[in-house]
């Protein structure tokens, strides 16, 4: 007992050493381009202790974190006020993990953190496809002049992925021109996930990255986020989607972003993030 | 730059001057007869800044506030402890706006504010019909002896509108005698909005006033209100109703009431109010 | 006026003296085995004043608390740090009420409080059946070595009830071995209440005890609880279940547990508990 | 046990029946003229349960509530939106208590509730003097046209008490004209209680009413109030003042007003109110 | 009435047009380099409405905002994630105001906003001296590699002001090397403001800029800030300091920074900021 | 990088391995006998991340955590509902640390956790003296029949320490009989720490254990605790006391208890705990 901590503060059930791990969980406490309400930097700090309110076993997937090999890598330590340096650090860590032959689940932070992680996945898997579940289009060319913005992240991914690689679901907010742009360059389903199952069928054997902005959920279920957008999906609908992900053969990495725990003092939003992370980890371990 | 404010604090996209405006938005920070938990006086104070978390474009109605002519008139400045004077001030402002040939969207405050606004609309449009969406009947003859009460507001409207003019939806709370009284004097659908579409068909060409008490929503979606009543409708159901309003030809005014923002520190309830206001403003601009 | 209090703080509509009452409401402010987030001890303290935000009339059941004979017995005063003594006090009070020919509705507190109450009901009604509505299995043999735990309460009930007497609904969290154990010893429906109606049919004429852990509800509806578990049922689904309870002929007692009001500053969770208590009281008065 | 409640919810140590009591505690849940942030209606609802976090014994006064005869009369049930009726009900109850030969401690609600209570005390004791401890002058002739306002309450008392009867301490906010008016009509000490001891000496043998607006305290100590005004006194300074009150021979009644518990989720403001009430009750029992 | 807003949302008593104003108030909603807890971007949004809980008259200075000519310029609209652009915008606006012969009071935002404002003041007044009241040294050469940081702001001011121009008071947190550096380059009083009066004497006739980081106050008084540091000064001590500022003859501008209103749901911290702003505005109008 | 966590979550500056450490920090998340408001179990979970809002350097003691050898041992993992087992686990760990020749700082949890830790210190140092800083006497023989209670902890320590070994300061709440008992068996200063310096002189060369219940602080400074008791000391007074501790030659261990972080959403109470822990760690490192 004496030469180690009494209790290790990882996400529940993720205590494998890096070298043995098949999957790596890590946090990115960055909210530097958040335009409305910041706070996603605190997500992982809330998620780790609250994950102990969950069981390690998922009755949905009939799998248990105890039976997996996941390393909780902690959080990147990032500078403040310098977006480009932050992008570089995320990119470097993501690429290292992939190059070591592991998958990763990154937890934001704001949505811009997905850009360097998807870039890294694309560098390893040039045929990468991205499934994007969100309330917002995130397709702006820039936001108040800045091209690196949480409101532009998917547009920036398109810069290198190109047409036909991005599949967006649940979208219910954006500029008119973003919806128009999407018609030509991405697949975009408005308001719901109804066509997800069908679209996944086409992605069965290509490398896929999932980016889940939790604000796709109705704010009734997930109020703890920077830009709550009423009219979202239920948690059961999100769970059903994740169950469908199991059909794919090449999920290479994923992220879960936009929990701002301090806006929801009940902890229910953090519980939503924890459960989504558990289900996504169990999805990534195969 | 020097002779004007750096940033004007109106509701998003409502910066038309009064003289050019077709529609007027104004706030009534009154909660003087609230029997349980006060605080609706703070609604507009929360709504204006938080409206910038929304886009001006509605993908539901495919309309944009940027393409409309709406004046945000600010808030009435009201005395405290004198309900009758408050009623007079609301009535005067509402009537002025209508007499200038404009429509209005009033934001409460508590539900009693609808009484003088509906009265004004009735004075201009004697054939006025009222669509009332709410958790509560609001049909008491009086509350602890007071006839001017948020629990009596629709009954007071009936005093001048009479039978056959009031259509109530979503109602799930009231005295037994209120439900009984409604059977003879109003149309009242319990628990849901299922018959709304059919009833609107009959109102297609008469002047209609919409009064939306946001507590019709389930408290899971809208906890920031004085009297949360579990078992309400989802936000998608409310949105669907508003989409159906577009069929009408003579919407003359509307109100959205009963946000008490301080009861929901997450801001999700305020987001619900903001989005409902945006959709209702876009409904009123035609 | 002078020899009595100005306003009596009971649950709304429960002012019958004990001797005349047919049904007894009482609170058990105990959260001593709560493993994650304590606070259910404050439930009744929040419920009583907030019950005045409700009406006494239920439009769902078309019954009114004003027409019933219910005694609000207040709360048990319990020691701290001694679980066995707490069990004894609950057992004694529950049994007294039943032996006086009355029914009871107990309000927790954490779920362990159900154990001595169900024991008391079983002592009076040896053929007792239990309907358990919850997010969690509560079937552990022990929790960190303690056999008296909120995570073991239903398992402890099985110790004396035996197989075939316990019916579990809405369960979405537990150890794999709990789900496996349930297959042999209880009826357990995962995730929803879909089979409740059918199962109630078989319980029509036997003595039944209902134990409702409010965390069966989705945390969007009921965030004010110690262990929020996303993906739960809606409040309308719970209401529908309670309406179905009316078919039974021998409901002998019930409990409603696991409100932790301080985790939901909006009061919406407390409103959920209040309304559920009203409906359950109206269920118990027949 | 069976014919009474398990636990009576009075203020701690105040369980004497009215007929035997020497002192009466009662609450007035009124905030109808509050101009800034309402919520004092909830004060007593928070104070009663939280009083059990206190001991009944005061080491400052070396007295114990257990040795006194105090009746907790509950709260007045008041109409909403009709200030004059509220004034009448408070006046009637206050006068009844005094005419029965008892003293009272009234707990607000907002400060306007002191007006009818002081009026009642003046009717029984025409030589009444008032000691007013507050952050605000409360000497406006009217507020937005209303003469019955929390900002006018001491001015309204002056209407019948006249010059030389009102002693104000701790005042740090008001209109310039209120400070000027006070120079001629009341004794007013700005910012502190330094002259209190000396002034009390002159009041030793006349009937005195204490009205304590808790916002005299620094918001650091007492943030749970409608209009926090930085730069106030410490709690030790208020305690010292109350200790000095013991020198007086004719304290006839008192009030403690302006706790708005919901603005202070820590409960520290409620604890301040509870302790002040305990000390004032022990001051009134002699 | 019809061609203007019903109620203009400026800071209380600051409704002079720019052209007539002697003093300009403006907000800078920037928290981009905040390392611990963001949220100062919301300061002005909370301050303006809450300023109406104050009076316009200061009994400390015996001056009234109603007798002054102050323009509330609103808030700068800033990009996200690009610190240098933000610095430029603040600098440009500050310099414009000074060049128009007016003084300004800037409200943050985090402390880094002081850098461009002090730079502008220095450009107009090359003999500028800075009085810095704060809990933190703010003298780091860089923070995680970034030279533009709230933890470096006074060090960056020293880059152009040089030795002998900066006077720091109330400092109680910093690196050992910052305290050491200060010994050679600034005047720094630890823990209190005791030497302020004496130091001000030497600044009587030189141009002075005041930068007040409100976290100099004890967190008991001012919890609503990003980095609360226990052991600070009382509000009366800060008020006394501001009263002493009146002796100076050349106060050219000032700022008040680091309110993060969302961390203090009581609003007491916002009240502290409002009152400080009122006193500072009354200090700047001479 | 790849075989270790990105960021280790210890208390700031406490990253020494156990074997090299001179001092051990550990947490005890226990609140099982808390009678009023539970939640101290969450203290360490809030303290560790918030400690990064502090610097490692103390300008009060002119010492730096970076120059020390402290191991953060994490938290004990404890059963629920079994007070005796909890006592045993704390006792075992505390004794192990002392027997390894190290000092410890234990962080509660509620005050009962001090009992087994003081017992362990007493077993190693039979001449142990205890300095107890608290708002409450904690001298009850039992609480509702339980002898192991946070309200009895110092009385239980007296059971083995005997007369003349316990020095209590700042006490302002208790039963009359506790104050009376103290006169014979402990040294007890009411309300303040004024005699601390003098008493420490007598303890200069004996083994001393400090137990600091943070509720000795005024709730204005430290609202985040189970039983806030107004009228406490300021943070500067507590700091001054800790500075005086440096005079002692045999401090063997210490504890800091009763932070309940969730009652203070501002985090100011957690900051108070963090700073106190930093100063106490620097006191314990010699």
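Which chain is which? They are A, B, C, D, E and F, in the order written, and residues in each are numbered from 1.
Here is the rule we go by: a contact is a pair of C-beta atoms (placed from the backbone, for glycine too) under 8 Å apart; a residue touches a chain by one contact, two chains touch by 3 or more.
All values reported here derive from a predicted model rather than from experimental measurement.
J.: If you walk from chain to touching chain, how few steps can bring you from subunit B to subunit F?
T.: When the steps are counted carefully, the minimum from subunit B to subunit F is 2.
J.: Using the contact definition given at the top, which chains are in touch with both subunit C and subunit F?
T.: Touching subunit C and subunit F alike, sorted by label: A, D.
J.: Strictly by the touch rule at the top, which chains does subunit A share as contacts with subunit D?
T.: B, C, E, F
J.: Looking only at residue numbers at the subunit B/subunit E interface, is the share used by both copies over half or under half? Answer same or different.
T.: Homomeric contact, same residues on both sides for the most part.
J.: Compare the contact pairs of C-F with each of B-D, B-E or D-E and report the one sharing over half of them by residue number.
T.: The C-F interface is reproduced by B-D.
J.: Distance-wise, how many Å sit between the C-alpha centres of subunit A and subunit E, to the nearest whole number?
T.: 39
J.: Hey, how far is the Cα centre of subunit E from the one of subunit F, in Å?
T.: Roughly 38 Å separates the two chain centres.
J.: Mark out which residues of subunit A touch at least two other chains, giving numbers and ranges.
T.: Within subunit A, the residues that touch at least two other chains are 77, 218, 220-221, 264-265.
J.: Pairs of chains that touch, anyone?
T.: Applying the touch criterion to every chain pair yields A-B, A-C, A-E, A-F, B-C, B-D, B-E, C-D, C-F, D-E, D-F, E-F.
J.: Using the touch definition up top, name the residues of subunit E that touch subunit B in the complex.
T.: 1-9, 17-19, 26, 45, 48-49, 72-77, 93, 96, 100, 265
J.: What does subunit F use to touch subunit C in their complex?
T.: Residue positions touching the partner: 31-35, 38-39, 41-42, 77-83, 85, 143-146, 148-149, 262.
J.: Give every residue of subunit F touching subunit E within the complex, in rising order.
T.: Within the complex, subunit F touches subunit E at residues 52-55, 57, 59, 62, 64, 218, 220-222, 234-236, 239, 264-268, 271-272, 275-276.
J.: Inside the complex, what are the residues of subunit A that reach subunit B?
T.: Residues 36-37, 171-176, 179, 190-191, 218-221, 223-224, 227-231, 263-265, 269.
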